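Two complexes are shown next, each including chain A; its partner changes from chain B in the first to chain C in the second.
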Partner chain A sequence: MIYNYLGNYSLVFCLIFSLIIFFLCFKSINDPRKIIEKNIFSLLFLQLLTIIISFFSLIILFVLSDFSNETVYNHSHTTKPIFYKISGSWGNHEGSLLLWLFVLVLFIFIFSLTSKKHPKKYRIFTIIFHEIIVLGFIIFLLSVSNPFNMNYPIPYEGLGLNPILQDPALAIHPPILYLGYVGSSIIFSSALAALVQGYVNKNWASHIKKWIIISWIFLTLGIMIGSIWAYYELGWGGFWFWDAVENVSLMPWFCLTALLHTIIVLEKRNILKSWTLILSIATFILSLGGTFLVRSGILNSVHTFANDPSRGIFILIFLFIIIFLSVIIFFLFQIEESTSRKTFFLSKETSLIINNWFMMYFLSVVLIGTTYPIFLEVLTSDKVSVGPPFYNKLLIPFLIPFFVVMAFGPKLQWIKTKFSKIKYTNFFYFFISLAASVFIIRYSEAKYLFSTAIFVTSFILLIKTIEGFFEKKNNFSQKLSHFSFSIFILSILLNGAFSTEFSANMKQGDELNINNNSIKFINLKTLNKNNYKTVITTFEIKDKQGRILKFNPEVRIYNQPEILTSEADIKSNIFSDKFLVVNLLKDDGYFNVRYQVKPFMSWIWFSIILLTIGGILSFFRKI
Partner chain B sequence: MKKKIIFFCVFLSFLFIFFIFFKSIYNKNYYTPQEFTKNYINFEAKELFTKKDFNSNQLFLDEKITIINIWASWCIPCLQEHKYLMNLKNNNNINLIGLNYKDKENNAKKFIYKNGNPYDLILTDNEGIISIELGAFGVPETFIIQNKKIIKKYIGPLNQQNIIEIKNIITK
Partner chain C sequence: MYGKKVKLRILFLSLALLAAVLTIFLILKSLEENVVYFKSPTEIKNINELSDKKIRVGGLVKKGSILSSAEKINFVITDFKNEISVSYKGAVPNLFAEGKGVVAEGFLKDRNFLVAKKILAKHDENYMPPEVKKALENN
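Take a look at the complex of A and B:
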């Protein structure tokens, strides 16, 4: 009970502190002193403190199962394990927004501490723009999605957390993803501040690069954890479904990846200023726009928390205030690009710009695929559904030139590379790749010419990135990231080419033969767990060599709320995942059994982790 | 000058996007039935073979009992209950309507050619909205309608006992 008041009023205090910071900053702009006033720092700290208090009050309310709080009542239950009580506090609309706000305030505090080398006015403007975002979120929380709304009379029991969300991967998925999203807000406000102050130069680039890398690392990890969860929990056997909400997280990622590469050009050559700014602004707007699409209930998916139109309208108006603000500032303070410096076609700059073109193309495909149905429905009330075929057909062919550019681009030099420097070993690599691809294509059922091309280019990319490790240039993080990206692409391709699936309806004691493998349904037993009942089945799969593998997939029947979930049993080793999932059928005793062999699954996850390690290394690298 | 034109183009296009999103918030993209317990059913649907439009008012005209059976060619239990439906075929006291749920036209026709047509009329429900209006949970389901009211409903495939029950209702 007391925590309700504590949380609510500390939010109100946070709002007051933000307003004070906002006005103090305006006063501080005209102050001639070179350092930021102490009181702004202490207010930023107080603001952080109030958010921490309110965030922890919500967690305590969840741990105590205090159903006088509406959010706890809607999303918790006394029989839920303590771990999911805690993670449940950000597994809902109100709590997750509080987490947003927490990270938002934490980041601006860290920013103000770590940017002491930079001009005062630039820092002050960054704080001003950031406080606009903070204010927007606090008002949003307090007005239409307050996590501390009270219930009266106090219910005895809560409604429970959606069981598919009761999972360790999903408990850490939102915080990590938010670190990525919110990191982009710092990039946004500092880009606007740099624009206003005319500080878009090499210094700014090397400063904001750290923040870009941080958000990129967290965004990548967050997306990966989400898709790992989808892989083993949703029981469809895939890891990426082009679901609208997945796309929403992918769009800022494309933008951020493009920015990550452009900022290097700005840092080294002091060109592409406007483009860097557009990307910085677009990344945050895509993050916020994604929040709008997910939270307004326009898109239906597992992530849709709220279907309250007032919330949607609030975020929408806030989003467009931010958009119009940045558009106006961008045009008011537009930078004249210095055209004196020449750039030749065969240079590192050009290859980085080409990288940007590809990223923008991928981004626009995903953006159109996600938002076009909304536009069409409003304008013509037609319904279209955009599914994986659309994305596959539009994205995959363009990967071929993309790989080629990625294989050779990093080898080029700044400003100009002489054509004679291109080595003939590349032809040798080409033939190795061609041989490997033809070998692979023969054993898969993929389409001939097209898949050969994509395999050849991805093998060339792999060889070139490996070759990179033996070169003298001291840029290990970039080499590692590009290498792991090529591993990532190859594992996805091989996974797509060699995955096999088998599905049938079976009952206890049945045995089936497929492609020299035999599946036997041995037995099933029912157990009562704390907050669910479970049916554990035992299957035996005998492969060609006569080796026997035991699988124990489950069907869980959760009590609060009553929902059936299938827990797949996955046997992973280095080369492949064996995936068995059962679903309950209506008829007595029959189960729908799906058995999949998915090669190189663990390589996909491993390569993404390697990719983020590359990012971490580049964060600690001295320029 | 050029700068201003670009600015206004960008501004207007964002305004347009705002308008679209604003509209779509109120444009619900899922369908919920008006009431939970429906006494009175009203819908329109196309016939599978002739493509003629039928209104439910045309169908439930008199005291005669109407049976609506929701089926689909992809639904295995539907095949199981098909023989029982064939059993009801030659009964003149009832009007047996098949509601083809979220199916491909060719597959549905093949199913009927292969297994026989027990229905007096087959309507199509490609979006699944009529089935929701009726209050169906899945496929197959069977509704018995008299005086435009649902008097009985069977969830899942019919069996021999259900058929006996249905025949009892008819002869009452």
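Take a look at the complex of A and C:
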């Protein structure tokens, strides 16, 4: 009870502090002193404090299962394990927005502390722009999605959390993803501030680069954790479905990755200023737009949970204000592009720009694919969905030139590279890659010509990135990231080419033979757990060599809310994942069984982790 | 007439523009080929000609209609006005059950029969696909 008031009033105080910060910042702009006034810092700190109080109030409400709180009532239950009670507080709409706000305020506080070397006005403007976003979110929370709404009379029991969300990966997925999203808000406000102050230069670039890297690391990890969860929990056996909600997190990622490369050009050569700014703004708008699409229920996705259109309209208006604001500022303030020395077309700059073109192309494909159904439904009321074939067809062919550029781009020098520097060893690499690819394609059912091209280029990329480690140029983080990216791509390709799948309906005692493997449904037993009943089945799979593997996939029947989930049994080793999932159709003894062999699955996850380690190293690198 | 720099810039701009137009054309074209239309059983009854393109049918799984055998699953999708039989071979998602919302993707054999290649169900027990909800409301 008391925590409801505490949380709610802290939010109100946060709003008031935000307004005072505005006022003080505007006053401070005309102040000739070189340092930011102490009281702005203390207010930023107080603001952070109010959000922390508010956020922890919500967590305490969840832990205590205080159903006088509407959010707790809707998303929790007394029998839920304590871990999921806590994670449940940010697993829902209201709580997740409170988390957004928390990270927003935390980041601007950190920003104000760590940007002391930079001009005062630039910092003040960053705080102003950032507080606009903060203010938008507080009003949003207080008006249409207050996490501290009260229930009266107080119910005895909550509605419970959707069991498929009761999962360790999904408990940490939202905070990590949000750190990535919200990190882009700092990039956004600082880009606008730099624009207003004419501070778009090398100094700004090396300063904001750290924030870009941080957001990129968290966004990458966040997407990966969501993907791992979908892989083992949804029982589809895939890791990416080109589902609208997934795409929404991928779009800012493309933008951020492009920005990560452009900022290096700005830092080293002081060119591409406008482009850097556009990317900085676009990344945040895509993050915000993504939140809008997910939360409004406009998107038709398998991941959509209950939603409310009035919220969608609010975010939409807010989104338009932000876009409008940034466009106006962008056109009002001119950027002086330094009249730099001419850039030869064969240079590091060009290769980085080409990287950006590809990223923008990938981004537009995903953007169009995701939003097209919405537009079509509004215009013609035809309901359509855009599935994997669309993305595969438009993205994969373009990966071939992309890999080539990625393999050779990092070897080029700034400004100008001579043709004569290109070594003949590359031909040797080409033939090795060709041989490896042909060997692979022979044993798979992939299309010959096309798949060979993509395998060859990705092998060349792999070899070139490995070669990079032996070169003297001292940028280990970049080498590591590119190397892990090539591993990532190869694992996906091999996974796609060699995955096998089999499904059938089986009764206890049934045995089936498929391609020299035999699958046998041994038995099943039922157990009662704290908040669910479970049917544990035992399967034996005998492979060609006669080795027997035992699988115990489960079907769980949760009591609150009553829902069925399948727990796949996955046997991983370094070469492949063997994935068995069962499902109950109805009470007629048949189990729907799906067995998949997915080669190099763990390599996909491993390579993404390696990729982010590259990012972390680059964060700590001295320039 | 124009300096070399201006000419280069014009060339570059027109190339960029051409690339952009081509990209958008390419995307839209493959969109046309790859979108899957969503219909309710009633809408299928009323379409004039059957196309051989992939289609999605959504509604509720009719109570008592699931029939499984070792090979495949047969069931009926209903919007309480019209029905369509579905035959499916493969794995079904968790929330596939009688009386719940479902979306089946596959090819129409005739106006009463769909051979499904994929079954989708949403993973929220109270959740009904907006398309299904709308289809049900319209009837």
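Here is the rule we go by: the second predicted complex is superposed on the first by the 615 of 623 C-alpha atoms of A that agree within 3 Å, B and C clash if a C-alpha of one lies under 4 Å from a C-alpha of the other, contacts with A are read in each partner's own complex, and residues count from 1 in each chain.
FYI, contacts are C-beta pairs under 8 Å (C-beta built on N, C-alpha and C of every residue); 3 or more make two chains touch, one makes a residue touch a chain.
Here the structure is a predicted model, which means the values were calculated and not measured.
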item	value
Superposed partners chain B and chain C on chain A - clash or fit	clash
Partner, of chain C and chain B, that touches more residues belonging to chain A	C
Touched partner set for A:F324, first chain B, second chain C, both or neither	first
Which of chain B and chain C A:I313 touches, first, second, both or neither	first
Touching partner for A:I51 - first (chain B), second (chain C), both, neither	neither
Contacts of A:V378 with chain B and chain C, given as first, second, both or neither	first
Touched partner set for A:L399, first chain B, second chain C, both or neither	neither
Contacts of A:I212 with chain B and chain C, given as first, second, both or neither	neither
Touched partner set for A:A193, first chain B, second chain C, both or neither	neither
Contacts of A:L234 with chain B and chain C, given as first, second, both or neither	second
Region of chain B that runs into chain C when the structures are aligned on their shared chain, from 2-10, 74-82 or 164-172	74-82
Overlap of the chain B and chain C footprints on chain A, listed as residue numbers	297, 300, 383, 505, 586
Contacting residues of chain C [partner chain A, same complex]	23-24, 26-28, 30-31, 34-39, 56, 66, 68-73, 89-98, 120, 122-127, 129-131, 134
Interfacial residue positions of chain B with respect to chain A in the complex	3, 6-7, 10-11, 14, 18, 20-27, 29-30, 76-77, 156
Touching residues (chain side chain A, partner chain C) in the complex	162, 164, 234-236, 297, 300, 302-306, 361, 364-365, 368-369, 372-373, 376, 382-387, 389-390, 393-394, 503-507, 510, 561-566, 581, 583, 585-586, 588, 590, 592-594
Sites on chain A touched by chain B in the complex	292, 296-300, 309, 312-313, 316, 320, 323-324, 327, 331, 334, 374-375, 377-379, 383, 505, 586-587
